[in-house]
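This is the structure, below, for whatever I ask next.
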Amino acid sequence: MSETAPAQASEHAPAVRLRGIGKRFPGVIANHDVDIDVEQGTIHAVVGENGAGKSTLMKILYGVQAPDSGTIEIDGRAVSLGSPADAIDHGIGMVFQHFMLADNFTVLENVVLGAEKLHGIGAAARAEIMRLSDAYGLDIEPDRLVEDLGVGARQRVEILKVLYRGARVIILDEPTAVLVPQEVDELFANLRELKAEGLAVIFISHKLDEVLSVADTITVVRRGTTVATVSPDEVDSRQLAELMVGSELPTPSTESSTVTDTVTLSVRGLRLPGESRLLLDDVGFDIHRGEVLGIAGVEGNGQAELVEAIMGMRSGATGKVELAGRDLTRASTRERREAGIGYVPEDRHRHGLLLDSPLWENRVLGHQSREPVVRRGLVDRRAAREDTQRIIEQYDVRTPGTDVLARALSGGNQQKLIVGREMSGDPILLIAAHPTRGVDVGAQAGIWDHIRDARRAGLAVLLISADLDELIGLSDRIEVILRGRLVGSFDPSQVTPEQLGSAMTGAGGAA
Amino acid sequence: MSGLSPRLTKVVLGLSAPVLALFAAFAITSLVLVVAGDPVGGVWGEILTVPATRNVANILNNATVLYLSGLAVAVGFRMNLFNIGVDGQYRVAAFVAAVVAGEGWLPGAANIVLAIAAAMLAGAAWAGIAGVLRASRGVSEVIATIMLNFIATGLVAFFLRKVAVREAGSNTIGTKEIPEGSRIPGFEIGDGATTEVYGFIFLAALAGFAYWFVLNRTRFGFELRATGASTSAAVASGINVKRMTITAMLISGALAGLVGLPILFGDAYAYGSTFQSGLGFAGIAIALLGRNNPIGIAVGALLFAFLDEQSNALQILVGVSPDIVAITQGVIVLTVVISYEVVRRYGVRLEQQRVAGALEQEHRAADEQETHA
Amino acid sequence: MSTTTSPRPAAGTTSKRRLPRWWWLAAVLGVLFVVSVLEVVTGADDLASSGTVRATLIALVPIMLAGLGGLWSERAGIVNIGLEGMMILGTYGAGFFGYHYGAWAGVAGALLMGALGGLVHAIATVVFGVDHIISGVAINIIALGAVQYLASLTFAGLPGGGSTQSPKLDNVPSVTIGPLSDALGNLEGQDIFFVSQLAAVLRAMVTNLSLFVLLAFVLLLLTYVVLWRTTFGLRLRSVGESPSAAESLGVAVLRYKFSAVLVSGALAGLAGGFLAMVASSNYRDGQTGGRGYIGLAAMIFGNWRPTGLLAGSGLFGYTESVGLRQGGTSVHALLLGVAVLAMGLAAYQFYRRNITQGSVILGLGAVVMLVWVAIDTVPGDFTSITPYVITLLVLAFASQRLRMPAADGQIYRKGSAG
Amino acid sequence: SDDTESSTGTDGGDAPSSDVKVGMAYDVGGRGDQSFNDSAAAGLDQAMEEFGMESQESEAEDGEAEAAREERLRTFADAGYDPIIAVGFAYGPSVGKVAEEYPDVHFAIIDDSSVEADNVASLVFAEEQGSFLVGAAAALKTETDQIGFIGGVETPLIQKFEAGYVAGAEAVNPDIEVDVTYLTQAPDFSGFADPAKGKTAAQGMFDNGADVVYHAAGGSGGGLFEAAAQSGNWAIGVDSDQYETADSSVQDAILTSMLKNVNVAVFEYLSEVNDGTFPSGVTTYDLAVDGVGYSTSGGFVDEFTEQLDEYKQQIIDGEITVPATP
């Protein structure tokens, strides 16, 4: 494990050399004294906690944001990147953490946008796309609308966009957060191919095992600055995590089962018709008191619909939903919540929060009909503030107060607030969809602990996650969902992520 | 600024925006006058004179009406619904109220109550059409309410002609006059004033208070605002968004139903072909100006009423077209939001600084612990 | 909601998106056929006369141009409720420049004044990030006040002018293809089912056709070509769909939004100019009469697309003209059309097993049918609201497929990519 | 403007002077509307010229509040204007109210006779009588036995025009067909300011067989003239002699105009004021006093003047009673 290592002198200059990069936002130092060298023909991983400054750094390298200090060299020449256009001209391409695609455009339109000079917007462009798609095995159909594509395909479109512009340096910001193992493998195969062609790949991920498996070099970012550059052979994931956090991590406690015989949630024959096929097809299962049921599946196979059907947010759903013996089949979302369901939604910005409202109002959200925050139809502001304060303390939400707008919190802290809120009022069932997506390892551990504690006290949990390690680590039982059907049940203590992965993609394999 | 307490900062920031805007509007209007060669001093001298008592009464009266219109629009805005149809709603409602009150089925005050209820129902029903279309068929409420405005005009004209009575010698038609006992008496301000202030002003204030209380204090109001802030989050929290859409339109329409009533009960006593129109559109500007806040809307309504009243005499006394004031009003709306935006960005930055500052201290404390350990 | 990994069946997607190229021609002929049948059945012979078609052309152009203005700005993600105001500015521009410097100067003046309104909207929404609705409403107020103020300054005292109207303006030249017009007129006169009606439509297009009308249709076509067939258009639409994606690919988002709103204003200005110079022949206070809002509605009606907009403004222009011309009988005949269409639609809904919807539509159709039987002619109050009622009805039964640009109305700040 | 030299002034030498200050409150549209307000303005101009009076003017806004109309009158009164002339029926209630507040100031109101007060003069017109004559002219001129009427906004006042016109036409030819269209409904007064709609409606009538169309639609009437000129049919103007004010390109399509001599009423009122008496009560300007009539400029009705004058006499004599509602 070396200190921030200067580039080894070799015959050619590194593809990217960052020196002394600094970036301040009002009141926040996002980056300072960042030094990184990325060699040609390597995969270079960047890791760090939420808010460590990784994305900011990449945006600087891609010209989205201007650095306050420091220099950027591409292939040994100092450059100034005023806009993404400049960066593209210098052969840099970036796949953002959140996809940058226009849903209502075709793949072709998304790809040629901004690069129309290369091959126009017609037949020549289509031919070039097909050429690249074949050359890299990306399997792209240029005339599909992006909104009809799955996550994996979108990811490939993003990569094609970069290749189309002839990028020599490719930045991938958390590309694997939403992919299943097979898709991750495919992606990594693509990356290795690019590497073999002499391209440099910069790769950000919170999944340290992946990082260790694919990267040639790893740079650790902590509180805005590079603290170490290591080779994957020198470290294991635990050491890497400790480098990120700057201190030792607590060992996750292993637990004995708390599953009881009492059924909390019983789902029978759940169906949901879609445009051309059933989105949910005869789904049925039980969750007992103290049990965590994990649902594994490739995104878009009905998980979101399942959650929303159980929450009563889908109007066309038929089938029976019983909570602690009470029939909720015809109940509204509100009645289901009142009956004791807590809900951590998949998309916290869209479903979990009022971003432009203060934290205490976000505490009321979803609990509008329950004390202490609402009494006799009136919002009790004092009680709401007090209870928000309780959550802040119990769940370690980093915020200066309860009157701050939710938007001002970082993603991890927003998530902790949501979990804390959904746990208040002592729910008997928690539906948690991707509760730790994009959350760093420290905060992740905190959220898991809270779920474990509640389970011990009798909470039943329906856990949906794309993170198979999380599923395996937390669940008492795992069901696999494929095209709206439950296709297999696994014991987490027996199953490997790979086994789960193949079950998730079905016998035919391709997703 | 960062030295002030957050609450005080908020107040100072909140006040600086409108002041900035008024100055900008003043400057731009003056510029227009100068370019056009009109007497700048004369115009401002006339507009900014202290209004006479009866003008004050007029301003209050006009503001009452504008205020109700602003409230009606604002209810929609709080839920991200753009009710551009207050004009049609109050037209339908005022007509219905005038007919009901004019018939005098109930004596005295009971008649007033009945007519007000009828007006609110009519306004709500008219707006409800747009609400139902939006909730059940996904029709943009913007289009629906625009269309309903035109339709209201045609329908009311038709029915007005059916029920109209015409005073001898007059060329206007109107509904039957409201009986003496069922009018809402005004009150005098100052002495010798020839114009009374509408008694309805108290009802308008009450409506403002109800608006504030319901939206900011009750669970229902919370749900309405939450739906406006994020439909998807509202659904997930158990709010029935379709029902909320219809309810919000109904409430907006019911408030719109009140818009014509101060005039009806305090002044005109009948609905006729010269009944004031266009109040709904003024309400949009006023709601936006007042940022959907009941006090803000009151200030906006007073400002607009003040400008309208003071400009009325411009032509007679200074020889300048009072249309210049419309420019001022529009410019105020625009500059207010621009300066709010500028101030807001500044405020966000302050807020971020505060958050970051607090976090940095935490970090430092943590670092210190680390080094001690 | 969430994304699907498994591809949807290809057939479903293509049938929804790929109509044959000539579909619009088929649609036009189909509508004409229905109208011809109505004429024959009810004897309301003004439904498809060349006069009605010409009046429809005149009535639809200002709405279409305003709608095109809306289309440009909303495709770039800026809601433009200020179309009415920009249109008002256009009427004045046409009045002032048209009076002093001639017809084409009037056209240019309308365009420039409208663009000026667009400029204000662009500065407010793009540069300052003001809420689009607020800015639009403010522009409507300012434009109305400014134009009335200017008119009283510049037109009062001119011969034939006054504080609320300009003197008469020169005509924008118009063209007639003489022989063709006569031949078609002949055919129209012969009362051959469908052929006469078709001749009437064609005749209106070759007789006394103002070049401004032609210009408007060229602009419609141009809009389609520019927005959907060029690089510029791709980029412009991309900033309305996903500005952050556009920015991440080096598109100067704010510049595109800015220019789109300028064009939007110019088109709305032309709409006003048309109203002053072709639909009538002078500037008048309050001349726009809410047509800017109607244009906006026609654009939403048309699903943010030129062809749809044309259909929306056509429907509007047609019902308005028909109502103004032989309102009583024509609108009465239309009632029958509506009733029959509703029953057809109801049958289709029953076939699709949408029982509730089918019943509602059937009930509606039955009521309209009853009204048709009960009265001989529709009173004026109702003929004047026909366009609005029909628009509402059509929207109520067809609007679920509408799709606005994904980032429409959202405020975008530079550097938001990622 | 050009009225300094043109009037039939008696004393060519020193300008007449008077200490009367006239306040003139116009209806929407104001001076320069080529119509009703302009006619009132002409009367005012003539009086100022002949009597050396001073005057000030102000005009109504579209859809304004009742209070705004009252305030306009009060502002005049407070500023020392006396008399104050309110142009248009919309001022009816406000004149009633303000006249009571200012008993020493004198008011005149045009087109309304609902106010009874010592300091109020009501100047009203028998529009139906004038309309009768142009209706007769239309019926005499038509070759298709089909004529039209376009009203700006459907109000009782405009319906008076319609009623007279139809009666006149039917007096000539009981079987004549009269198409009637109103452009908008109150309170949407845009029908008085939308020439585009006027043109569409007129074109519709011409296309469907009418060959003479009369309008009482204020500014929208311009659309009628255009349509008539373009299609080679006849239009009939209203209020003032529109042949005189219309653009030369449409002049030859204007058959005649129904004259509503607001200028005469205003001038006569002011001349009485100049003589020191403030009239009050209702003065009706009808055919008998030439308060209404028809114009002959262009000479297109010369062939019928005899018949028309006969009708006129019958009306004056009471042999024909013209209905005021359709």
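Before moving on, here are some points about what is shown:
Read from first to last, the chains carry the letters A, B, C and D; within each, the first residue is number 1.
Keep this in mind: a contact is a pair of C-beta atoms (placed from the backbone, for glycine too) under 8 Å apart; a residue touches a chain by one contact, two chains touch by 3 or more.
According to UniProt, the chain labels map to these proteins: A = Simple sugar transport system ATP-binding protein; B, C = Simple sugar transport system permease protein.
It should be emphasised that the depicted structure is a prediction, and the values quoted were computed from it without experimental measurement.
When chain centres are defined as mean Cα coordinates, A lies farthest from chain C. In this assembly, the C-alpha centroid of chain A lies 44 Å from the C-alpha centroid of chain C.
Computed from the mean C-alpha positions, the centre of chain B lies at a distance of 30 Å from the centre of chain C. Our note on geometry: chain B versus chain D, Cα centroid distance of 38 Å, whole angstroms.
Note on chain placement: the centre of chain C and the centre of chain D lie 36 Å apart, centres being C-alpha means.
Looking at chain A, no residue sits in touch with two or more other chains. Shared contact sites, meaning residues of chain C that touch two or more other chains, fall at 163, 381, 384.
Residue positions of chain B with contacts to 2 or more other chains are 153-154, 157-158, 161. All chain pairs that count as touching, in label order, are A-B, A-C, B-C, B-D, C-D. Those residues of chain B that touch chain D in the complex are listed here as 54-55, 58, 61-62, 65, 91, 153-154, 156-158, 160-161, 166-173, 194-195, 263, 267-268, 273-278, 308-309, 312-313, 315-317, 322.
Of all the residues in chain D, the ones that touch chain B in their complex are 23, 56-59, 61-68, 70-72, 74-76, 79, 89-90, 92-93, 101, 111-115, 122, 124, 154-157, 184-188, 282. By the touch criterion stated above, chain A contacts chain B in their complex at residues 25-28, 223, 246-247, 311, 313, 332-338, 343, 345, 347, 350-357, 361, 364-366, 368-369, 374, 377-379, 398-400, 403-405, 408. Chain C contributes residues 46, 49, 51-52, 54-55, 58-59, 62, 155-157, 160-165, 167-168, 208, 275, 279-282, 284-287, 289, 320-321, 324-327, 380-381, 384 to its touches with chain D in the complex.
Contacts from chain B toward chain A in the complex involve residues 6, 217-223, 225-226, 229-230, 232-233, 235-240, 349, 351-359, 362-363, 370.
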